[in-house]
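Pasting the structures in now, so scroll down.
You will see two complexes here that share chain A, one where it goes with chain B and one where it goes with chain C.
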Partner chain A sequence: MSIVVKNLSFTYGTGTAYQKKALDDINLVINEGDFVGIVGHTGSGKSTFIQHLNGLIKPQEGEVQVFDILLTNAKKPKPDLRRLRGSVGMVFQYPEYQLFEESVYKDVAFGPKNLGLNDEEIKERVKEAIELVGLDYEKVKDRAPFELSGGQKRRVAIAGIIAMRPKVLILDEPSAGLDPYGKEQILSLITRLKKDVCPTIVVISHDIDEITRFASRIVVFNESKIAYDIPMEELFEKEEELTAMGLDIPTAVKIKNDLAKKGIGLQGQIVNENDLEKAIINAYNSKRVDKNAIDDNPGDGGEEV
Partner chain B sequence: MPIIQLQNVSYTYNAGSRDKVEAVKDVTLQIEEGSFVALVGHNGSGKSTLAKLLNGLLLPTSGSVSVYGIDTKRSESIYEIRKNVGMVFQNPDNQMIASIVEDDIAFGPENLGVEREEIIRRVDWALEKVGMSEHKKGTPFKMSGGQKQRLAIAGVLAIKPRVLVLDESTAMLDPRGRREVMQVAKELNRQEGITVINITHYMDEALGADRLIVMNEGKIVLDDTPSKVFAQHEYLKSIKLSVPPVTALAVRLAEQGVPIDTAVTTKEELVEELCRLL
Partner chain C sequence: MKDVTFGQYYPAESVIHRLDARAKIIFSLLYMIGIFFVASYTMYLAVFIFLVSVVALAKIPLKLLFKSVKAILFILFFTAIINVLFYKQGNVLVEWWIIRITDEGINFAIKMMLRLSLLVMGTSLLTFTTTPTALTDAIESLLKPLTYIKVPVHDLAIIMSIALRFIPGLIEETDKIMMAQKARGANLDTGNFVQKIKAMLPVLIPLFVSAFRRADELADALDSRCYNASPNRTKMKVLKYEWRDLVALIIVVALFVAILLDKYLIGGEGIFVGIDRLIAQLISGMVGR
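What follows is the complex of A and B.
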């Protein structure tokens, strides 16, 4: 188990007129190798939640265990936050706004430097991270971040996190605001990182069509609580409940449901476009086989008595 | 008469210097009054530069842009032009200037010297048009992205523009916010006859437009009805654009031997096609 969250609650502005409970008794286990998609309407508590996972917010009630590091509201013992942030990498929304150094190299090197590594090790990690996010190290290392395109800047920001070699990577709306091409690149980058670098990934997304393309598990936040943490196929049967929470079900599931209403049942689990595509191809091919079978054997319809 | 006319317009950033970028190249274009136009192109295609040329935020390096026949280069007419062509930008947090909603909406007409009674009427009207009347005395800072963008639209409406340019105004919004903003834009187009130019990444937003203009490398490469443009999916892919998800699915199915009509653009059309086939 990578992350274990027990009875976690958090209230903003306690004792003021703006008091708001952002998390209410959250329990969640994230296993090594999980690809978790977190969905929820704006204000549902998901951002507050992920900020607990690398110690940006200290728990008020309950506890968060990340590998061997325990986070509670106790004053002592102090958790090793530096080690925690090396293990859990966090990519915020619009991370390109956080680039601040004069060169791409320096920006990506900032994290590893803070981990106290030597120059040799830093250089190796920076090169590796920049190449991992699909940029040409020699070409970009000396350029100013602001000279790059939006999608490239975002990849540099992600490289800065990757260079810390985290064991868990958390991304908040990683594809927001990018054009379709930039989106595709970021999404395939995340898939690649999951495979080669960082086995456990948590992604917050508003786009249910996008998140179901790669997540192995969806956790739904609603009004400061976890509303659902159940298998996806089961989850998307709850269209009415999800709609009431301001959430969509995937387009692929909607199409499957519309077809079912017209008497066409597709086989197998369908939670994303790939599933739908395969199911349609199968249905089409098997229908064609049936039809051919009938055509090839005229009279073999059982009329002969 | 077209409301906006671009004649051989080019725009170069840092003209004359080593790192000059030719963002818009020899574009000739007419926008008809009352139309709903979508403008798409990948990052760096020149679409946002084109948008800023429409109301004189940028002036063409060569060629001319005119609004109701007035050239944007005529500096004495710039207020007249900006009054006619209102713009809403991408980031909802960068466009609010007052801490109370009604003050924010009143900012535009105040600057134009509109008299008080008329400002009050316009603020009420603009808020009603974007469905935000109950937030008149509220503060913009606590609102959702979709609500903020609707307020930004109301702020523009209060100057009574004839053209509304949305420059990636939905890019930072969640799906609900996107729907809210598109709904408002469509209603303004239908009910008030306001010409809408929607610059967007989202192909499904382009679906409802009368006309879809595609830019690539500073030039207009396609200009037709959305369904005719989407029929060119191979070409769109080659210039880093996508077709709506439903069309993309139909194309993939066709590639694998399913004889489906790849001109489908909506979920309903796709389901109908599949019913025929399965």
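What follows is the complex of A and C.
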């Protein structure tokens, strides 16, 4: 188990006019190798939640355990925050807004430097990280980050996190504000990272079509609580409840449901486009086999799939 | 960053919040001038009671008011100490080298502290109960006569309201960037002064970049809607004086008159002359022994 969260609660602005409960008794276990998608309406508490995972917010109630580091509201013992931030990488929304150095190299090296590594190690990690995010190390290392394109800037920012070699990577709306091409690149980057570098990934997204493409598990936040943490197929049967929370079900599931209403049942788990595509091909093929078998009975529906 | 109380709006439903913003500015000015005429401890007490009642009416927690004084605590004590040490008049209690402590000096220092804290508490009351937009509208309206001598009042008001509008956004942005850099292992809290300044660079540079970007976007948005600061623009919310502004005016003027009467008619000794003398004697007695 990488991350265990127990009875976590958090309130903003206690005692002021702006008091707001952001987290209410959250319990969650994230296992090694999980690809967790967190969805929820604006203000449901998901951003506050992930900020707890690398100690940016101190728990007010309850506890967060990340590997062997325990975070509670107690003053002592002090958790080793530097080590924590090295093992949990956090990519914020619009991470390109955090770039500040004069060259891409220096900016990516900022994290590893803070971890207290030596120059040689830093150089190796920076090179590796820049190449991992799909940029040409020799070409970009001396350029100013501000003269890169939007998608490139974002990849540099992500490289800055990866260079710290985290064991868990958390991304908040990683594809927000990019064009379809940039989006596609960031998404394939995340899948690549999961495979090669960082086995446990948590992604916040509001695009359910996007997140179901790679997440192995979906956690739904609603009004400061975890509303659902159940297998995806079961989750998407609750269309009404999700709509009430301001969330959508994947287009693939909608198509499956619509087809079912017309009398065409598809087999297997369907949560994203790929599943749907396969299921439709399977259904089509089996239909053809059926039709060939009982060719003399054309009156059984005649659906074109 | 969120602990900045001075100049922050505190939303509540109250008579004080509903007062006309222009009236409130004028009241604050009267109050500020009045404070400098307060001569006796009794009158300080009276002003304090007035202030607390206004705060109660405005439904603002008293704690918030005291917090605004906390911000100037250093200045408060600094001026008090300087006054105590170098005030020349009155009966000498302690004399050593160039330092001379007198009973009047101590009195003066205490009054100075009271004056400054009442000043800060009173003026922060204005921003606690008035939204920044109402405030700029009011200032524009009050400065209107200056347009006759070609002062671009409307432009100034717009610049001010845009600046005010940017503050919460920039505070939020600072918080976000600080979080992001902390997540990259930046150490923003420890180290000596120079180290701290250096550590703030990763926050300041992105903050400036984003401030310029926002300003640029806003300018484009204004341009694309053909905005120009013509003097004939109309307002969505027109300021209008109500009966309650008149009542408030009477009360504030009454306080002002009381302060002046106390100083010039009763001679700064307070309505209860005895109490004031007693306090003064007590202080000089304590130090003198």
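Before moving on, here are some points about what is shown:
The rule is simple: the second predicted complex is superposed on the first by the 293 of 305 C-alpha atoms of A that agree within 3 Å, B and C clash if a C-alpha of one lies under 4 Å from a C-alpha of the other, contacts with A are read in each partner's own complex, and residues count from 1 in each chain.
What we mean here is this: a contact is a pair of C-beta atoms (placed from the backbone, for glycine too) under 8 Å apart; a residue touches a chain by one contact, two chains touch by 3 or more.
Source: prediction; values computed, not measured.
Using the contact criterion defined above for the overlaid structures, shared-chain residue A:A283 touches chain B, although it does not reach chain C.
When both complexes are overlaid on chain A, the residue A:L259 reaches chain B alone and has no touch with chain C. When the two complexes are overlaid on their common chain A, residue A:G40 makes contact with neither chain B nor chain C. Comparing chain C and chain B on the residues of chain A they touch gives the larger count to B. When both complexes are overlaid on chain A, the residue A:G160 reaches chain C alone and has no touch with chain B.
When the shared chain is aligned, chain B comes close enough to touch A:D207, but chain C does not. In the superposition on chain A, contact is made by A:G150 with chain B only, not with chain C. When the shared chain is aligned, no partner comes close enough to touch A:P174: not chain B, not chain C. Within chain A, no residue touches chain B in one complex and chain C in the other. Against chain A, the residues of chain B that register as touching in their complex are 42-44, 90, 144-145, 171-172, 174-176, 201, 203, 240-242, 245-246, 249, 252-253, 256, 258, 267-268, 270-271, 274-275, 277-278. Note for the complex: chain C touches chain A at residues 2, 10-12, 176-177, 179-187, 201-202, 205-206, 209-210.
By the touch criterion stated above, chain A contacts chain C in their complex at residues 13, 17, 51, 54, 56, 82, 85-86, 89-90, 92, 95, 97-100, 110-111, 114-115, 146, 160-161, 164. Only residues 41-43, 149-151, 176-182, 206-207, 209, 246, 248, 251, 254-255, 258-259, 262, 264, 273, 276-277, 280-281, 283-284, 287 of chain A touch chain B when the two sit together in their complex.
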